[in-house]
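Across the two complexes that follow, chain A remains constant while its partner is chain B and subsequently chain C.
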Partner chain A sequence: MGRTSSKEDAGALFHSLRSAYAATPVNLKIIDLYVGFAIFTALIQVVYMAIVGSFPFNSFLSGVLSCFGTAVLAVCLRIQVNKENKEFKDLPPERAFADFVLCNLVLHLVIMNFLG
Partner chain B sequence: MARSLAGFLVLLLVVSICEAASLFQPVSDSHRSAALELFTPDHGSFKSLEETYEALRTFQIFGIEKKPDVTASACRSISETVGSSTSTSKDLFYALKANSIAECKIHETASKGIISSLNAAVSAASSLLDFYYSVGGLVLIKDQSSKDDIHLADAEGVFRSVKAFSQSDGRWRYSSSNPESSAFAAGIALETLAGIVSLASSELDQSLISTLKNDISKLFDSIEKYDDGTLYFDDKLVDGYEYQGPLSITSSVLRGLTAFAAVTTGNIDLPRDKILGLAKFFLGIGVPGDAKDFFYQIDALACLESNRVSIPLILSLSSAVLSLTKKDSLKVRVTTVLGSNAPPLTVKLVGAFSSVSKDASLVESQELKFDQGSGLHILNDLLKSIDVGSYTFVFEVVLQEPEDEKVYVMGSQTKVPIFVTGLVKIENSEIAVLDSDLGSVESQNKLDLTAKNDVSLSANHLQKMRLSFQLTTPRGRAFRPHQAFLKLRHESKVEHIFVVGNSGKQFEIVLNFLGLVEKFFYLSGKYDMELTVGDAAMENSLLVAIGYIELDLPEAPEKAPRPPPQPVDPYSRYGPQAEITHIFRAPEKRPPQELSLAFLGLTILPLLGFFIGLLRLGVNMKNFPTKPIPATFAVLFHVGIGAVLLLYVFFWLKLDLFQTLKVLGFLGVFLVFVGHRILSHLAAASAKLKSA
Partner chain C sequence: MTTVTNMPLSDLLKSFKLKTKQQELLIRVSILCLVYILAFITRLFSVLRYESMIHEFDPYFNYRTTLYLTQNGFYDFWNWFDYESWYPLGRIVGGTLYPGLMVTAVLIYRILHFLRFAVHIREVCVLTAPFFASNTTLVAYFFGKEIWDTGAGLVAAILIAICPGYISRSVAGSYDNEGVAIFALLFTFYLFVKAVNTGSLAWSLASAFGYFYMVSAWGGYVFIINLIPLYVLVLLITGRYSMRLYVAYNCMYVLGMLLAMQIRFVGFQHVQSGEHMAAMGVFFLMQVFYFLDWVKHMLSDTKLFQAFLRITVTCAVVVGTIALGLGMLSGYISPWTGRFYSLLDPTYAKDHIPIIASVSEHQPTAWSSFMFDYHILLFLFPAGLYFCFKRLSDATIFIVMYGLTSMYFAGVMVRLILVATPAVCLISAIAVSATVKNLTVLLRSKNKGVLTGSTKGSSSSRASSKALLDQSQPFQKNGAIALLFGAFYLLSKYATHCTWVTSEAYSSPSIVLAARGAHGNRVIFDDYREAYFWLRQNTPVDAKVMSWWDYGYQITAMGNRTVIVDNNTWNNTHIATVGRALSSYEDEAIEIMRSLDVDYVLVVFGGVTGYSSDDINKFLWMVRIGGGVFPVIKEPDYLVNGEYRVDKGAAPKMLNCLMYKLCYYRFGEMLTEYGKPPGYDRARGVEIGNKDIKLEHLEEAFTTSNWIVRIYKVKPPNNRW
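Right after this comes the complex of A and B.
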């Protein structure tokens, strides 16, 4: 009873998470996917740096930080767009999206300058 | 009695040697050639009449032929000055002075004009120089023209006016307003007064002349002297511009004195050796390099050559160095200052005193033989009794005719420094290495110090080295040279010098290496040896290499002094410097290109994964506006974002920040406008849906 419970509990937890996630609206899922893509790209860059060394350190930093920056901005967008979030009830999602686009453009300008 | 007298005389002689011995030479050929060099006219003419006169007078004294172009241009400027009515008395004075030598013809009317203007100048004169130029001019024109009736109107009055400028100490002032007095002015005044006396139509009051003679004596009381017996006049330096310098001041005084002596009867009471001192002053200058100084010197010497006071005679030697090996004889010449022959006289060598030990004279008093042909007084066989060294010879000159004593002046005794040189014999020279304790000789070499030697010795620090030789003069006496050094030089160019001491004829030096170890900085190795023996009286001074000694010294302890660094050639810093190899930062190792490209591909992978995920989520474009205006805005919005991203790509590739920001400004404004339109449209659409 006790030995298999942790394994079963893990499995049950995982299934419940999956079904709960399936209930999220599509636009939030798109944003989640975007965040995952950004993080994954950052990870690949870190692995590359680990292999070849950090010689143009500024390039490495700009690449990794652009990924993390855009991921953070996407998370902010998700918070603001999520209808279940009572805090941002009065904020129209288009406004949040416009902020997201503007912040991304500024982030990428800085990133491009730092890229070298 | 006789011996004590002789001793007293010797003592007197010794005391009189307190005055320094010096050699004066009369004017020589080098003076003559220097005169030709200094007084070179510029295209045949000189800058002013004063310079023309100086040049002509100098050439006249030396007997140099008058060049026709010089004379012609001189005559031109003289006649110009003389003919012009605006010439001052100073210009006329110098023109007439130059004419006295150049001997150009002056027109009758011109000379009449000169005489009248000069007479007017005399009456109108107020300062000493005015009197000098006008009176001097009148004297000159009287000599040059055929007229006899040139006289000063009121000679005594003019005399008194000039005399009014005199001071009680024998000097003169330039004018009544200027309180400064000088000896230079005294010389000018004397010349002027002499001119007045010669121009006077009747005898002047003798009391005036005698007071003037007193003034001259007082002036000569203020004479200054140098240690070697030369006398000169000098003024106080008050104003740099007016100050003339001892040469011109003394020359001026001498000119005035001789001019005055020429026109007065009777003697001027002056101590006669003062004239001799003045002659020595002018001769002691040598050959001046400046034309003005040269003129002053030569003019003064010409005054001394023939004057009514006393004519100085100079005793000179052609060479002050006598060589024993060449068996030189002592040759003495007595001449006037300009080198002309002296009256008959005898020269006696009274004594010769060694400069080292001023004992009794080394030679007896003897007369020199006069050689008629060469005009020299010669003494042979002198050197038989004299050894090498430096001496002071004392000469006495006696005039043969007693009347000449009043005319010529000769010093009581003339002291001349003489050097006698000869070959010094070096004998019995040997070098040896000795054992320190026992003093026994380990190795010994005979040396020949007249040639280079190649002795090679070796010693360690417990031994000694001895070098010895004997020096003998040609007369067989001991000789102590000024320099007797032994130099040891190490391979590293460190040198040590030792003085070789002597006792009598034997010179010996012993180097005890035990005591010298520290002095030698504990440097073992090969030391070159060099001996220097030198003296001015030695004709065969030597600097000879002896050979080398191999020294074995113990190791230097920790605190031993280091040998001094050898001097670096100061010009070596201008030679090529050491090469500097620049070490650039090694470029970082870059990864192989394939790996980088592989990872580039790997980075694209998440993007693909993103698109695939989007498709799986069922992304659609249903919310895209269909109406034309919102549709265009929507399209423009996407195009704007794409354009900004493209701009960023260009920014990375080639643009700089300012250009990017400029374009971004425009694009940003456009994007904000378009985005606002479409997003507000979408928001309105969704709000309508919600309310509906």
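Right after this comes the complex of A and C.
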């Protein structure tokens, strides 16, 4: 009894999440795809590190942090561009994107210095 | 003729009359300019009284590295291995210092040279700290404006310009990390609060750069990387979280962490050290928190969301605790280092790490120090806290947290009064500004009341209320005027106190001593520099000098000779070896000195002048540190009934140890004070016990004119026959 109801719960949860997500605008979905890709790349690097060992630790850190960093910045961009957020109503999306590009530039310059 | 010229004159005057907004801007800018100049010139006492030189001990190392940087360029500086200190180990300077201060000074030096001002690097070094103190007042103004309003900003700028807690570490000549670090600290906090208030990625990027500058300048950056996550946690718990907080903290954390890891001295600590784990924990917590918030926003059904919430929270907590536990147990995440752990547990250092406990700046703070350094700010601080709680916003919560945590740490360690000073000044400024504003509103409202009373007045109720108002108005107005005078009196007393403290207590260079002679004239003791220059000019270039670690930096910077131990204190065993050598009998000590290739020994002695920071007063610490590593040195051997004495009743080991012999050699014949026997030690106030000292393996090389610094040469071993 408990097993089936929790399974149904999970199923209902999954469906409602899917339907709610389908309603989001396309540009936000593109940003979400980018975030997913970045996290996936980070996970691949972690698995590789687990296999091979972490010897130049700075290289490993710079690789993983560049993925996490750009994912986090993309989430910030998504927050600022999302029309439903009242706090960022006055922020033009061009300004948000310019900030995103600037932060990514700084991030990747530091990563290139740190790569070793 | 006169009427024709008068008319254009009055028109000219009318054109100068500014609108109120412009008047206000003019007043604000002129006040800020005056405060900027004031902050600079109040720190110049020692330059005017003595000369433009570097003070204390640590700044000499910074000066030497800055000199190296100007002569050899950044690449050589970053990869510098110093073989002139910690003989025979050497020191990897490039990887064990915070380069921010040196790079800043050299940048200013190069800009001045580009503009064809041919200044010496020493002048730039001496005046760096006052210059950055002036910049701190500007940042305090903008920060006050962000938290409260422009009035509070102006008062904060004024208060921090002359506050003795800050002046103590930023006088001209005090070329130390804190001079630049406090500017970087306040700047980072200001940029972060601005980022949280606006939610803009650009401000968060700026705060990441501010954090990078702070990491490059001072080891106290650990305070920032723990206070900001604590602040985020408090906002999350009190329900004040918003999207702006997410943007600000995440951008600052990721970029700040990456930038900080570029400094070799910091290295990988941001991912491996226990002190930085709070920031990472809060980072992950935020991701989980905002992810849940987003899911809740998407799901319309709360029951489903509760189920989802339960699953995610349990997963996250389990994963987090497993990761943390694994990290700490396997030793990958190192626990809190002694330096910072002793802040949480003040008794830790005394029992376990005598070197940290022996530094005079690390002692707990007495109330008199608080009063001395803060004066009226001490009671304005709680008043300001009250005002902050009345008008809570993201920014005021931050400043309250900064104030409370920094006051706790200031109570644990004297040196950290410096970190608390900006918070105390800002919060007190809020109190002063809010009080003065309320009082002047009371003053102004009386005039308005009179005006409205005179123009209106028909109904009886209005007349009666007006009568009541009129009755209380004179009392309120007089009270307001009295309180304003009281506030003015207090603030002027504060200014007097601060200037007096700066002049008397915090402007001494420590390397040049001054005293009043018998006729009231000023006597200058320049013994330290005399001794270092003697070393520089009269010893072979590769001579090695053994002294207690306090003087290491000065000997390498001014004497230009290799030292055995210096102020960096990174190797406790090496220092304990020196401590053991100085506390042993001469025969044992010469073995140790020959093994370290020592050529000269330098001691500081205050018996002739009454100088009380000499090596005999520090001797017990040498015994403790030496005894901590070599159990053959036992502290009770040097004490008599638990008392430390140097006269006839002193312990025999004390009367014959190397330090005693070197300090009091030939002192038994010296008449120091009228009416006292020869060999009277003016610093301890007793006649010494062992006046007939013979040295077998050392010979006296140099004693300065006031006997403050004494240098001995180690004799080479005798020929066999």
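Everything that follows uses one rule, which is that the second predicted complex is superposed on the first by the 113 of 116 C-alpha atoms of A that agree within 3 Å, B and C clash if a C-alpha of one lies under 4 Å from a C-alpha of the other, contacts with A are read in each partner's own complex, and residues count from 1 in each chain.
By definition in this document, a contact is a pair of C-beta atoms (placed from the backbone, for glycine too) under 8 Å apart; a residue touches a chain by one contact, two chains touch by 3 or more.
This structure is a prediction, so every number in the text was calculated from the model and none was measured.
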Superposition-derived comparison: chain B or chain C, residues of chain A touched: C
Quick check on the superposed pair: does A:Ile79 touch chain B, chain C, both, or neither? Answer first, second, both or neither. second
Mind working out whether A:Tyr48 is in touch with chain B, chain C, both or neither, as first, second, both or neither? first
Which holds for A:Glu8: it touches chain B only (first), chain C only (second), both, or neither? neither
Quick one: classify A:Asn113 as touching chain B (first), chain C (second), both or neither. both
If I apply the document's touch criterion, which positions on chain A are contacted by chain B in one structure and by chain C in the other? 113
Per the touch rule above, chain A residues touching chain B in the complex are 26, 29-30, 33-34, 36-38, 40-41, 44-45, 48, 51-53, 55, 92-95, 97-98, 101, 105, 108-109, 112-113, 115
Which residues of chain C touch chain A once you look at their complex with the stated criterion? 199-202, 204-205, 208, 242-244, 246-247, 250-251, 254-255, 257-259, 261-262, 268, 271, 295, 297-301, 304, 307-308
Of all residues in chain B, those that touch chain A in their complex: 588-591, 595-596, 599, 602-603, 605-607, 609-610, 613-614, 617-619, 641, 644-645, 648, 651-652, 657, 660, 664, 668, 675-676, 679-680, 682-683, 686-687
Spell out the residues on chain A that touch chain C in their complex, using ranges where they run on. 6, 9-10, 12-13, 16-17, 20-21, 57-58, 61-62, 65, 68-69, 72-73, 75-77, 79-80, 84-85, 87-88, 91, 96, 99-100, 102-103, 106-107, 110-111, 113-114
